[in-house]
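The structure follows.
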Amino acid sequence: MPSNPSMSAAIVAAAESDQIGYIEEGTTALNLHIEAIRNVCAEAGISPAEIEGIFATNHANMLAEYLGIHPKYIDTTAVGGCSFQMHVHHAMAAINAGIIDIAVVSHGEAGYSARKNQGKGTLRGGGGDPWLPSAQFGGGIYGNWGAPSNYAHALTRHMHQWGSTKEDFANIAVATREWATLNPRAVMHSKDTHPAGGPITVQDVLDSRMIVWPLNLLDICLVTDHGGAVLVASAEKARSFKTSPVWIAGAGENQSHQDMLEMGDFTATSALASGEQAYRMAGMGPGDMEMAMIYDSFTVTAGITAEMLGLTPRGEGPSLWADGNASPGGKFPVNTNGGGLSFSHSGMYGMMLLIEAYRQLSGTAEDGVHGLPGKQTSAQSAIVNGTGGSLSVTGTLVLTADV
Amino acid sequence: MADYNKPIPSPDPYVTQPFWDGAKEGKLMLPRCTSCNRVHWYPRILCPHCHSSSIEWFEASGEGFIHTYAVQNRAFGGWADETPYATAYIDLVEGDRMFTALRGVDAENPESIKIGARVKIEFDQADEDTYVPYWRVVD
Amino acid sequence: MPSNPSMSAAIVAAAESDKIGYIEEGTTALNLHIEAIRNVCAEAGISPTEIEGVFATNHANMLAEYLGIHPKYIDTTSVGGCSFQMHVHHALAAINAGVIDIAVVSHGEAGFSARKNQGNGTLRGGGGDPWTPAAQFGGGPYGAWGPPSYYAHALTRHMHQWGSTKEDFANIAVVTREWAGLNPRAVMHSKETNKFGGPITVQDVLDSRMIVWPLNLLDICLVTDHGGAVLLASAEKARSFKTPPVWIAGAGENQSHADMLEMDDFTATSAHASSEAAYRMAGMGPGDMEMAMIYDSFTVTAGITAEMLGLTPRGEGPSLWADGNASPGGKFPVNTNGGGLSFSHSGMYGMMLLIEAYRQLSGTAEDGVHGIEGKQTSAQSAVVNGTGGLLSVTGTLVLTSDV
Amino acid sequence: MADYNKPIPSPDPYVTQPFWDGAKEGKLMLPRCTSCNRVHWYPRILCPHCHSSSIEWFEASGEGFIHTYAVQNRAFGGWADETPYATAYIDLKEGDRMFTALRGVDAENPESIKIGAKVKIEFDQADEDTYVPYWRVVE
């Protein structure tokens, strides 16, 4: 039973940026944030490295990267001027749950200077409040145009560092497509749903159009329309619905960087940290998992994440999919909806992971999506990992069936 | 310069000016924390390693090595004319990492590009005030 | 001591929008959301009105309004595709704290249709993913151009409904300016800090430029640069810093609407509900409060909020400031930093409320901002209320000194 | 119509089309839930009161009353030429509330405008396809 969180947390320090008000020499929202965080840490006598949770309406990921910290809780709730009161409310819940001990709620807004800086920005003609340093020195200037052009650099490095091959990663797309053929709602289910649908081979992946070397078209997720929702309810109420509960045994989140400029190891993500957090909360480990839903914006995303979640040794992520292990009928089903690669991916794929994990663990994976026989697995536990940004941020859940 | 048809950075006048001033003179200026003595890239108002606010700028060697790369076969705007071109993260001799579009490589032949290859910086004049750094493979 | 939140919540249902994938006839992100929520509620056998928490990366406020619900917890964390795993993580914490029992995590993204709809939007040339109905039928076509032009309608109605006067509300600005006179960092502290600074009278407010009748310039907050941060820590750690703790005794949040089209009573906000939640958690009431920090984007915001927080009878909000009651030396100090009206307001003012409340209750209200004597009050408890949107969303905190 | 210099709504073709089709013919079309029989504004794919998806459109009276109003002394774009002008929320005879710029009032004299005053709808042609509703005080 939940207990009243009153007095389970306190505000322990407060500070402002170096200057406030009408700053004639001008400033940026980011600078205001960083000054305030530096000052509040100095007042409290701690290092910013001790901050475990970040709450901010803007620049939250950037703040963590800029300060070189890896928060275990990030809340970017932005609903206007009351957002900060809500951040305190949310931080209190997170602290009360024992997820974090120290959080910063930060604010930086150049209401005055942004007017002066109209039409300027990180890039010429950028407009609005300007100037993220990572953007100023990152992709835009040099012809990086989106997620594929960023993620490709990670695959190059993985092949260099671990001796993996294009074929290894292409096989992830092949196994994922197998699952799509069992899901009539999958965009790539068959030739009936899409001219390019139906089973594919490793050679098909390698022969598909090169988008950003070393990423071919079939290494890359779809861009679709998608709506989805899950309901989350307290343990007390969880069995009072028409539908059955799937338990949240563990949860964790973490960020390693925002821009790839600050990604130390291009073959590792914060899924290691968020996965560890989720396993610890659940009192379980990778060996206890019976299936996985892994974000597959690109084959390289899925491959690296498999390593981070402890499902394969380091450098051998793609082996999770090898020899039919993760395929329909295999020992360890992965991405049983057909994945972002072949099912549906609207840009932010994390909801699709949740829905499919719920269906598998509640035994509704077939009729829930009018599926064909063979899609429903016998898994009673699942590890679910979402990846956001440029391999930047991850959220991991350990879910278990109701028994 | 009149031909420069790619996105041009709009330098942030509060933090990064020393870099852009150096670029005009063909120098790679980098920020270094005087407290822990470590170089960081991108420029900040405090050191990401020790959170000191004592940052100094110094002229760096302009040399580095390819950390990883990709070849862009698809692009937009001014970059669309250049496909395929290689982009790369560069490990600086002085520490930390920059991003660039690579020169001196055969982007038609991605496997010919070597991680670890030595690169040197050069600057393109993009407009009257702005010189954009690029890195070229030199061995 | 926090307890492990593992298994304190479950995912109890999952559903998609009516269609997913490449929707040839087109759709909007909002429609995808609403379809998914309708479907997930139908599957679980509940009404959308039973939803207490809304978690979404986009349109979160709109979803609640569209469905006619008033969530007690809103989380708009948006950090890319992993946001949904993080929403489940956050919902777990909120449920574990007993703040909510049922939450929806929702997703709607027209990755495919938005491309087709490029250049179309709520207004001609709007661009991007288009079309929230409230914007289509709200202010844009009719020359409403920002918060002042909307908020003015609430003041007109308050005067009509409760017999209040322009003078009553103008006095809020006068009293708030008195506090600014004690805060050297306040933009309007004195003629030295700004040529319009220093004490003002009710007549000054009425004589100031009419921006949107019935709001004069001095009824309206500043637009400044501002950075700020507060640190939060667990009860176990709260006394381990150089600075003292100020306790979070209660917290609550709520939303009554998003667009003013759906604001039923123009003289009431969700601060009524959010403060009830905060008081209940704290086991305290308005009579236990010794000061207040109240969002004053406009005099009308502050006046109405005073009523909602139970600090005055209904319709008599401005009376809180009457007869020097809320002024320096008065019985019930309000907005002791000089408020958004005269201290600083960068657009989202909520952080300034937090910083000043912390300083007052930690006894650092003077030296914390290099203040002059008279700003520090003797208050040991404060109610802190932020208001966002168009009097739409509120977050309320009950804070107490360390004793 | 060529003179219409104010922001023009870009009708959402998925949900709101019946309203805009009616506007072209000078009719106020409103959505009503066939399950709970209540009118709601703005148009939705489900009823905000009972969450039924059975919505029908009907031709409304085009009459209402001022719920509250303000006078905009400052404005931007095409509206800048019109200051001061009154904006108002209109309680519809059939239920729920619309927003508008008010006609038939003396915006120079805000106190002369009466909450509760009766208003009627009219439509301005903004472009070939789009007729924007306005409300006029009629008493």
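Per-chain residue numbering starts at 1, and chain names A, B, C and D are given in the order in which the chains are listed.
As a convention for this text, contacts are C-beta pairs under 8 Å (C-beta built on N, C-alpha and C of every residue); 3 or more make two chains touch, one makes a residue touch a chain.
All of these numbers come straight from a predicted model, not from anything done at the bench.
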item: Distance between chain centroids, defined by C-alpha means - subunit A, subunit D (Å); value: 42
item: Geometric centre distance via CA averages, subunit B-subunit A, whole Å; value: 28
item: Multi-chain contact residues (two or more partners), subunit C; value: 27, 31, 34-35, 41
item: Subunit B residues counted as touching two or more neighbouring chains; value: none
item: Arrangement of touching chains [line / ring / star / complete / other]; value: line
item: In contact (per the touch rule at the top): chain pairs; value: A-B, A-C, C-D
item: In the complex with subunit A, residue positions of subunit B that touch it; value: 6-16, 41-46, 48-49, 51, 53, 67-76, 79, 82, 84-85, 87-89, 97-101, 110, 115, 132
item: Residue numbers on subunit C that touch subunit D, as the complex places them; value: 26-28, 31, 34-35, 38, 41, 47-49, 66-68, 120-126, 130-131, 133-134, 136-145, 148-149, 152-157, 160, 209-215, 260-261, 266
item: Subunit D to subunit C touching residues, read off their complex; value: 6-16, 41-46, 48-49, 51, 53, 67-76, 79, 82, 84-85, 87-89, 97-101, 110, 115, 127, 132
item: Touch list for subunit A against partner subunit B, complex; value: 26-28, 31, 34-35, 38, 41, 47-49, 66-68, 120-126, 130-131, 133-134, 136-145, 148-149, 152-157, 160, 209-215, 260-261, 266
